[in-house]
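First up is the structure itself, then whatever we jot down about it.
We call the chains A, B, C and D, going by the order they appear; numbering starts again at 1 in every chain.
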Amino acid sequence: MSWDAIDSLLPVAIVLSSLLPGVFIFLVDEENHLLRTVLNLLGAVLKLALVGLLIWGVWLGQPIETRIDIAPGLTLVLSADALSVLFVTLSSVLWLITTVYAIGYLEHSPNRSRFFGFFSLCVSATVGIALAGNLITFVIFYELLTLATYPLVAHRGTPEATRGANIYLAYTLSGGLLLLVGAVWLRTLIGPVDFTVGGVLSGLPASMHGQLVAIFALLLAGLGVKAALVPLHGWLPQSMVAPAPVSSLLHAVAVVKAGAFGIVRVVYDVYGVELAYQLGLLGALGLLASFTIVYGSVMALAQDGLKARLAYSTVSQVSYIALGASLLGPVATIGGMVHLVHQGIMKITLFFCAGNYAETLGVHKVSQMDGVGRRMPLTTLAFTVGALGMIGIPPIAGFVSKWYLGLGGVTSGQYWVLLVLAASTLLNAGYFLPILYRAWFRPAPAEWPKEHHFGTRFETMGALLWPPVVTAVLCLLAGLLASAPFSPLEWAQLIAEREYGL
Amino acid sequence: MPEPAMTAPLVLCIVLPLLGALFATALPGRAVAVGIVTALVTAAAAVALTLAVWEQGTLHLVLGGWEPALAIALRADGIATALVLMANLVALGISVYASGYFQDAIRIRSFWPLWLLLWAALNGLFLAGDLFNLYVMLELLGISAAALGALTGNREAIAANLRYLLVGLLGSITYLLGVAFLYTAHGSLDIGILAAAIAANEQLFAVDAAAMTLMISGLALKAALFPLHFWLPPAHANAPAPVSAALSALVVKAAFYLILRLWLDVFAPVTGMAAAMLLALLGSAAVLWGSWRALRAARLKLLAAYSTVAQIGYLFLFLPLLVATPEGPARDNLLAALLLMAVTHGFAKAGFFLAAGLVQTNAGHDRIDELGGTAQRLPATTFAIALAGSALIGLPPSGSFIGKWLLMQQAIATGQWWWVVVILAGTALAAAYVFRVLSRAFGLEPTPLRFITDPRAEVPALVLALVSVAVLGLASGPLWTLLGLSGADA
Amino acid sequence: MTDPTFATRPDPARAAERDRDLKLLLAVLLALLGVTMTAIYALALNAGAAPRLADLALARVPQTGVDNPVTAVLLNYRAYDTLMELAVLLAALLGIWSLGPAPAGFQRSGPVLAGMVSWVVPLLIVAGGYMLWVGGYAPGGAFQAGALLGAAGVIVRLAGDPQAGLPGEAAQRWLLVLGVLVFTLVGLGLMLFGAGFLTYPPKLAKWLILLIESAATLAIGVALAAAYVGGRPTATSPLDPRPSAQPK
Amino acid sequence: MTAQLLYGGAGLMLFVLGIWSFLVHEPLLRKVIALNITGAGVFHVLIAVAYRGDAAPPDPVPHALVLTGIVVAVSATALALILGARLQDSDDDA
């Protein structure tokens, strides 16, 4: 098939490859485990195949775009550039892994058709965000993601789950409204806002700059909620009531990344990094991101709940992406972009492991983790890789991100960035190393809080064990093979080159 | 004289449900069968009408072959056709639902003839080109609606619908006085002729303005514009579910349609910013008050009824923007957005009420705080509520999202940014009241084994809700074509 | 809930005072409204389009099939209004029926009243027939005729027949819809033959209108009498096992 | 003209009085009668419009409108009264 035929269908096919299975999964009878699993995996594998095609096309520089007129003047644009490919690939790969994990995790638990249906819708919304070619498309999928995530957070049905879900909804819908107003305002100023390399606003007269700053504030407030920028982060720790696969994929990858990705889009492809710098927007964003990085880490130190600690760690780490976007110059861009992927694979590893501890041993708290390394060595090994990566130990992925971010700060003359990174790294070590110490070097208790035996020769059920192992290997590979073709770093460099026209 | 075949759907849309009502009256034992057949053929006629208007533009038929001034005209322009199509598809869904809803023979015999009469009145109202004929249609609509609303037979329902009937009568009499003034001043009842006469006789401005005030006040009472909405919540909340759906989705919309028709066609030279601002201010109050009361409502159907008060309010926000926007693509977009919101609300509210009715039948009550278990047992119904709810909030990709987007766009463009604040507040409140219901659907009840338990009731609710969300939001372009508007980049 | 028309007011003393003030305000406003409207009405009469539709309507009467201009408007120019108005009457009656079975009738009348009824009722029926016929060229027509028939029904019920002299339910249902049915079928028939909905060919107009008016008279008479009965015909109501009254 | 204005003006007064009575009086029957008076006021206005002096025949169109209006009003009144009666029944039962 020729590229011409494919290029206009591919983006929409990628969205539909999880949307349609999702819709059918709702209709599947609860007891029909097999059909549901087949639909799930079929969608995930198909999506991955389509994404492979997409990567190839973008690499070749093919224009890949679907345009659907939803109303005169309002067009749904799904298109693929280097940046969207990064996020699409991350989501699709991790979706497949998480689906396997979730099938194991939710075995024998209630309401699985509902869970997997919404799970698929979430991924569809996430790739929709990644592929959005203009602002209205982005807003549509951004809101859809909110809606599709709500049932997953509320899934357990306990009063805490409902409460957490409602808090999540209150934050994200309010943010969504502000984003909507910003998008509409921008639309009235300049017409359709297509994401364009270098931005679309540079031609506007200086008299409009006041409005542009106000619009940026609205957009940032909307995006900052999902990206968990302080002080809009309050929902994230509350949402940790969700089942582990939800926390892993959504709160490590899809939802928070959607916010961070949106900030990147707005800075680079709507305002243009030059204009954003002139308007003083980058400085404000950088400050906000830096504060969030430090604040999240400090808060993480104080958490005893494992998922809560990971959640605050997410608050902190996602802001690296915003920090990268706020620094002028291609090097920092590379750092921010590559962290989009690196943080995703590292954090999902950690959440998978946290889920394994909870499911296998009933361990939910850091203080209960003494000796888990001996009981669950593979899981703990994966956890260790993720945690060390987060701290920034070479050769794991996180080191690469921090290196480029620091270098970006230096090349742009913003030396304070180094200070932020150093502080964050110290704090990262402060909240991860004690866990590792407990896990490996403390003696195990006589009895675990709530131990399950799955009757396998491994430490836990296979479907739970292999996903974190695979993602941990990915973390290592992303660091070790950082300069190989098609590695996240290479791809981030491609993005930076295209954005800065190098 | 136009080809009868071309204008046939115009007549059939009104006559078919009327005939159906007659046969359902005369053959009470076969009322359900007659009703379903009538619903199908009437909906088919509405589709035929839409196709005809799509291809040829506005249809116009003077009944009786007399001079237009003397006789009654039927006309189907884009606005009327869009609403007819919406109303008939929604009514078809309601009919399918109703065929299984009523169990007791006496209710069945009472429901179908009145329902088909109401349907005929709706189509007649949308398609009328004559102000006095509209009065008759309004009365037919009001009487059949009040009778249907009282069908549950309990005290609250009878009291609420008695009030509804009386208030509606006051509204239509006030409207009729306006018509009398117009006949006195301009000697015609035909909308087209009157529009031309009003534009030509500026010295009669005072009379025209008085007539407009009377007619729009009367209709605002029927459209439940704040603060004239007091009759709506009890009447809509206490009716049987299919009737609530019809009342909230269609009947109120018909009164609003008439206001719009008068505003755009008949009184175009008389309308001004002051009148538009007043109506929009009342609309804003309706949005805020209706949403607030919906949030505080103890019962699901009461919530839906207050939500209707709010949703009607949004439609009035368009008026000052229409006044401020000159002819052109921007105004086209605004008009289409107005219709899109009205149509979306029609589908969404009908779906919501039908689903709420199912919840009520299953739980034996509709107190929101105690609905958790029922909502979990009926996934498809809960899903319908969720879909319809997102359309009521205006979340993407519903039609009301597009509508609100264009509304806000034009509000910013014309500098009337304060409406944006109202829309935001209303949207946030709507999200709160919808999710107040939905959050009950996640609990520790046993897992339902099937998605759909009662297809005849759940499928119509789901389909109506789905149309409001997916179809209208993702493919609203045809609406512009049907309205004969260019739109495009504004 | 704020409800200006139906509210019940708790504190009587203060409420009564506030009530009086509100009423005063309302009276002033309504008086202003009345004066303003009269002034505007005068303006409209003065400056308005004087002949309005009168000349045109009167000029076309010879082609309508009837000689009485009001009947020409009702059954020819604006026949569609009349059709829908019959539907309104039907809707009201169906609404009445949906609310429950008819209440019990009145005590059977004594011989004097019964004797009077036995000659007033036939007189009313004959008068109704006359009204129907005379409507073609003088004031009168289906509504006046139907009203007389309805009045006959009222008298019969007052005299003690709970069913107001109406036939059984099945027949009542057919009679009720007869007016709208004949009207609609004539209209559709004309459309089928290419004349257009409710467009009478001048030659047939007189007879078609008479046919419609006759059916409408029966339907209106039955509807008015049944409305006076005030509920479903009782035979069908399982709650109320009284046998339906037979027509005399 | 004067006759028309007097008659029509009287109709407008009836209209206003009817609204007054509708808003002020509680009992259902009074409300229903008030509405009928309001309606009668509007019918008066229409009848007054139809008058074209003693020489010319009156305009038949408003006359026909009034006839139609009367039937509509009768229908609505009948339904309102029966609704009211049922309401009273349920009050008596309670």
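To be clear about the criterion, a contact is a pair of C-beta atoms (placed from the backbone, for glycine too) under 8 Å apart; a residue touches a chain by one contact, two chains touch by 3 or more.
Being a predicted model, the structure only gives us computed values, none of them experimental.
Undergrad: Grab the C-alpha centre of each chain and report whichever is closest to the global C-alpha centre.
TA: B
Undergrad: Just curious, how far off is subunit C from subunit B if you go by their C-alpha centres, in Å?
TA: 28
Undergrad: Using mean CA coordinates as chain centres, what's the subunit C-subunit D distance in Å?
TA: The separation of the two C-alpha centroids amounts to 14 Å.
Undergrad: Rounded to a whole Å, what is the gap between the Cα centroids of subunit A and subunit B?
TA: 42
Undergrad: What are the residue numbers in subunit B that touch two or more other chains?
TA: Touching at least two other chains: 132, 136, 139, 143, 146-147, 150, 158, 177, 181, 183-184.
Undergrad: Could you list the positions in subunit C whose residues touch two or more of the other chains?
TA: 4-6, 37, 41, 45, 51-53, 57, 77-78, 81, 85, 88, 91-92, 95, 99-100
Undergrad: Where does subunit A touch two or more other chains at once, residue-wise?
TA: Not one residue in subunit A touches at least two other chains.
Undergrad: Considering every pair of chains, which are in touch?
TA: Result of the pairwise touch check is A-B, B-C, B-D, C-D.
Undergrad: Which residues of subunit C touch subunit B in the complex?
TA: Going by the criterion above, the answer is residues 1-6, 36-37, 40-41, 43-45, 47-53, 56-57, 60, 76-81, 84-85, 87-88, 90-92, 94-95, 97-100, 173-174, 176-177, 180-181, 184, 187-188, 191, 194-200, 232, 236-237.
Undergrad: Give every residue of subunit B touching subunit A within the complex, in rising order.
TA: Interface residues on subunit B, with respect to subunit A: 329, 332-333, 336, 340, 379, 383, 390, 395-397, 401-402, 405-406, 408-409, 412-413, 420, 424, 427-428, 431, 435, 438-439, 442-452, 473-477, 479-480, 485-490.
Undergrad: For subunit B, which residues are in contact with subunit D within the complex?
TA: Residues of subunit B touching subunit D: 132, 135-136, 139, 142-143, 146-147, 150, 154-155, 158-159, 161-162, 165-166, 169-170, 173, 176-177, 180-181, 183-184, 189.
Undergrad: Looking at the complex, which residues from subunit A come into contact with subunit B?
TA: Residues 26-31, 68-74, 76, 110-114, 136, 139-141, 143-144, 147, 150-151, 154-158, 161-162, 165-166, 169, 173-174, 177, 180-181, 184-185, 187-188, 191-192 of subunit A touch subunit B in their complex.
Undergrad: Show me the residue ranges of subunit D that touch subunit B in the complex, using the header's touch definition.
TA: These residues of subunit D touch subunit B: 15, 19, 22, 28, 31-32, 35, 38-39, 41-42, 45-46, 49, 61-62, 65, 68-69, 72, 75-76, 79-80, 83-84, 86-87, 90-91, 94.
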